[in-house]
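Labels run A, B, C and D following the written order; every chain starts at residue 1.
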Amino acid sequence: MSLTEKPTETPQRKAFYEKIDEKSLTPLWSVMSSIITPEPTSGCQAHCWNYEEAKAYLLEAGGLITAKEAERRVLILENPGLRGQSRITTSLYAGLQLVMPGEVAPAHRHSQSALRFVLDGDGAHTAVDGERTVMHYGDFVITPSGAWHDHGNRTDEPMIWLDGLDIPMISFFDASFAEGYPDDEQPISRKTGDSLARFGANLLPVDFEPRKKTSPIFNYPYERSRAALEQMRTQEEWDPCHGLKLRYVNPVDGGYAMPTIATFLQLLPAGFTTAAYRSTDATVFVAVEGSGRTTIDGKVFEWGPKDIFVAPSWKRIVHEPATDAVLFSYSDRAAQDRLGLWREDRGNH
Amino acid sequence: MSLTEKPTETPQRKAFYEKIDEKSLTPLWSVMSSIITPEPTSGCQAHCWNYEEAKAYLLEAGGLITAKEAERRVLILENPGLRGQSRITTSLYAGLQLVMPGEVAPAHRHSQSALRFVLDGDGAHTAVDGERTVMHYGDFVITPSGAWHDHGNRTDEPMIWLDGLDIPMISFFDASFAEGYPDDEQPISRKTGDSLARFGANLLPVDFEPRKKTSPIFNYPYERSRAALEQMRTQEEWDPCHGLKLRYVNPVDGGYAMPTIATFLQLLPAGFTTAAYRSTDATVFVAVEGSGRTTIDGKVFEWGPKDIFVAPSWKRIVHEPATDAVLFSYSDRAAQDRLGLWREDRGNH
Amino acid sequence: MSLTEKPTETPQRKAFYEKIDEKSLTPLWSVMSSIITPEPTSGCQAHCWNYEEAKAYLLEAGGLITAKEAERRVLILENPGLRGQSRITTSLYAGLQLVMPGEVAPAHRHSQSALRFVLDGDGAHTAVDGERTVMHYGDFVITPSGAWHDHGNRTDEPMIWLDGLDIPMISFFDASFAEGYPDDEQPISRKTGDSLARFGANLLPVDFEPRKKTSPIFNYPYERSRAALEQMRTQEEWDPCHGLKLRYVNPVDGGYAMPTIATFLQLLPAGFTTAAYRSTDATVFVAVEGSGRTTIDGKVFEWGPKDIFVAPSWKRIVHEPATDAVLFSYSDRAAQDRLGLWREDRGNH
Amino acid sequence: MSLTEKPTETPQRKAFYEKIDEKSLTPLWSVMSSIITPEPTSGCQAHCWNYEEAKAYLLEAGGLITAKEAERRVLILENPGLRGQSRITTSLYAGLQLVMPGEVAPAHRHSQSALRFVLDGDGAHTAVDGERTVMHYGDFVITPSGAWHDHGNRTDEPMIWLDGLDIPMISFFDASFAEGYPDDEQPISRKTGDSLARFGANLLPVDFEPRKKTSPIFNYPYERSRAALEQMRTQEEWDPCHGLKLRYVNPVDGGYAMPTIATFLQLLPAGFTTAAYRSTDATVFVAVEGSGRTTIDGKVFEWGPKDIFVAPSWKRIVHEPATDAVLFSYSDRAAQDRLGLWREDRGNH
């Protein structure tokens, strides 16, 4: 189809292009095939980060800069195909954050939505809108768009978690707002655990009116999510492409826990090989439990506990867990669904 | 706040950055202030395109390339601050399309949603999913995401309209799919006017189930929209920031007519000066009727009939119509609303 | 199944029933088969009212009582199977209202939602929330729940319309509130036609926030609705059960125009015999144009212009128009859909 | 207002009424004041049932009829003001069901939605759509509209629970469908606990599409709901009218757990006296824990554990718990909200 071809550039045409260029005009036909493509074609590449290696660098950074000076002491996981853009996919950001014993990552707020997935240490806290939550391995913690948040570590070991944010999306829509809080830590007005009790037990306050599109639950404990998978496992209903895959939900409307980022937790039993699957939401995976290998677009990645790997849009994914494995993942499917863009290919046609 | 400062780069730190660079890792603290900004800060600039000037170039292009060879004979209105990116705002595209008498812009379909706003000529047609609509001045025509569409001009004068698409958004989400139709024109299976009758009279087929997020009405006739404004005008209820501003609506759910692009039509009476207004959705304006001037971020733009101007995100806008004026406009507010990002400042605080 | 049988009443059981009766206790098993039935079984009967006959009585009533003394001069169309209950179906009310030249039906408001379908006269008005609409034959006018409304006739001929209300539903839910307005007529603050212009042209005010579940359009002109049917007719897509049937829509959300009552307009071409159809929403039909006969549960009803007939829940309906016919209809489908109760049988299984 | 007065019945008018009566016509003005009332006015009365007394009768019934012969061995709690109508409020039903050791309440399904609130015994089960749930004190169990369900008691003690159904509502809308299952018990295809794990942990299966309006969770364990109240209690945020009141939620959409019936659980600390409150949803209360007294429309009711009392629409309610108390309650608020009828008066105006 001519959508994929480019008209020849005659001297006459070239001259015309130059002439209109100064009027901020340019011919569609010379770029059309590169901006309206038959299939997704971004520079985003499949890649896997070895956690232990990254952790070593992160701890080294711990000696180079304080959480306070850095505002957030984070190493960005930058997609090899998108270097210099602070992105792990075209629309999302990922980083590994370190908070040392006694440190505080000072309070601020911004339009960007953030998820934290706990990988190392136990017992540090995140405060959101006046409530603190204590973080444990595998917990999925949200600091919502526009919410004051700060992190603190009063334990005696370093705390490390994965940060997932929609920074590129907010930049793309040119809608970034951010401000710092006068003090390092915000005042605490709610008891720890209040939000989970209030919103997490399939009950809601009788007259509750949500003010934001983000889930009022800001810590989805791993213990609870993992138990759900284990109980469901007994039913032996495996999805050929996903094994057993759950979506974190906003109890207020049943939608995604965050307006721009979709988050998932899935169980893959040892020896289970998934059917080739692709979708338009490039996805960041974290191996929470177990080890195995994943083939993305023909390229094989071996992963073990806490390793992080990314699959670009519309590239086929095959998981082959060597042991029982649990994967946490996040993508922009929440945004693509809302905008009517999301598409998948389960290989069954 | 330190969100806006950058930690100093000591030699030791620099060395560390270089070391981790090859592991696809990079420090957040050295870029944070540029990716999480206190306010929107894109390169998008305010600009105005003189229609008559652009039309002259477009007609010249008519002699340089056929609609068929070009697939679409369009001159892109490229934002001066975003040259080489085929964008008029960070997330949207705009172009002027010419279809000469007897020409056909061949049938194809793509994920990108497109709007056409008619500026010159009368009576050419656009076909969508087997139905043709005849285009008149000021008509707002939609070719929905995924729908086969082609354009034809059987009149004896050139036809020109403004194209508005979400091309940058689809590229950003890496979700572009496109294909050509085997023939230049798709077969016609529905009577002209059927969609407007079926969905446009505040009635819907008793068992209608929408299959897409785009309005089933694909031509909102200017005659009808303009009449609504004129009738409402007699009520003399003017919004200080907008005069009288209406949003085009999808009759199926009352939402925006398109999932990613919001479209508006507004009436500004002669001598009415709007209160300074800004919002996060950079907006493309078309002067459908009248003339006047608009100040965007302190910069003044004089405009007359059919001129097109763009206002970036979060820049204050003041309209001063010299005559009664009607403005058509489009922005990514539809997407920003769905994602919880949209914000406005009506200057009343 | 035993759901349909009743256990035998032994003397011992009878004695027990009497004993517990004074404690406001009663055995389920002796009533279960009559309250949880295999299929709908109400007393509602199919019936047809001859308009000319009813009109004669109505005009006679015009000489017996004034609109003001009556508050509303209406003859209730009472279902023969539900006499004394002021109902035309188990959940809905119907009446014929007469307003004589120079009369005013005084302003009041109530929880009950009301529709008016104009049958005789031309040019009387209904005022809702400060705006007047002029009523013509076939117009579907809404006086929403909680809205001040009054009717006036400044023409020189009697005005008659069908009233459709959810009176039985509001009584059932024990949620009736009503009050009179200090004056006969409410003050007028909006221009006639403002609502239709503002909300009826597939456009909505840019920042409009609906305050009620009822459509902001309070007059759906017959001229416009009828034209839609005529245009669609050329497409020749006939539904075997409905011919060409449209649902009146609330432009704000695409739902029914009223929260409790669904309204429809359908075209049946001469000689078209509909396939047997039944649904759980007992329906009131008005012959707006043409004549024919309708068989309901085996009983035949001949109807001509303006005649009104009712079909009970789950009784099969077959329409046989002798001429081109247009039927207006209303039912509680809006409520049943929201409550998940609605069911239909298109006879194709 | 004349809405409340009735025109005088002159002999002439009487004669007219009789004449039109045989045409199924009747004057609105002679009934208007009784069908469109200034405030709710049903026969529904406030009443309290002593649980121990009712239980004694229920056990006596256990000797009079088997669960199988009765289909369901239930004593209806019939509102004193609505005798013979099998209703506890105008729109809802309540009954106490007994299943003796070794008994089975045979499988059937119906349009009516049912809730079961466990009051006596521990360990009997309810099966819904192929899954069994084990019932404990205070559990809120749902058997959804249209779902096959049966109950069985394999423990060695009688099991008693409160049944709450929308029987009157389904009858009112004339939408009752019911059928028995060929066998006493339906086949079991899902593991016990699967639904709660799958849908109750703020996670949903990645591609889950709800097929009905009822929550896929069919047992909300009291242990979990009670713990939520206890945790929230530490926050000391008491609502003057409700104490601490939670709404059971459908995780799929955040709405009520059932389409027609709203369910709540609330904590009232010892000595807390609620502010007078009234709403249009007549409510059935169950004292799950503690004792106290409640004044409804000036009438005082003393209650202890497991006692059941009902408050009519729009009658003021004041709770005065003598001890810490937990109340479970249900009403038709779910339906009234969907229909736009619900109204409350918190006494603060």
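Throughout what follows, a residue touches a chain if its C-beta (ideal position, glycine included) is under 8 Å from a C-beta of that chain, and two chains touch if they have at least 3 such contacts.
What you see is a predicted model; the values in this text were computed from it and never measured.
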{"item": "Reference subunit D; chain at largest CA-centroid distance", "value": "B"}
{"item": "Residue-number overlap at the subunit A/subunit D interface, same or different (half cut)", "value": "same"}
{"item": "Centre distance in Å when subunit A and subunit B are each reduced to the mean of their C-alpha atoms", "value": "29"}
{"item": "Subunit B and subunit C, separation of their C-alpha mean positions in angstrom", "value": "43"}
{"item": "Centroid spacing, where centroids are CA-atom means, of subunit B and subunit D in whole angstrom", "value": "52"}
{"item": "Contacts with two or more other chains, residues of subunit B listed in rising order", "value": "none"}
{"item": "Residues of subunit D defined as touching subunit A within the complex", "value": "190-191, 193-194, 197-198, 200-208, 215, 217, 220, 224-225, 227-228, 231-232, 234-235, 239, 242, 245-254, 264-266"}
{"item": "Subunit C-touching residues of subunit D, taken from the complex the two chains share", "value": "1-3, 7, 10, 12-13, 16, 19-20, 23-29, 31-32, 35-42, 44, 47, 49, 53-54, 57, 60-61, 64-65, 68-80, 83, 86, 89-91, 93, 95, 106, 108, 110-112, 145, 167-180, 212-214, 259-260, 280, 282, 312-314, 332, 335-336, 338-343"}
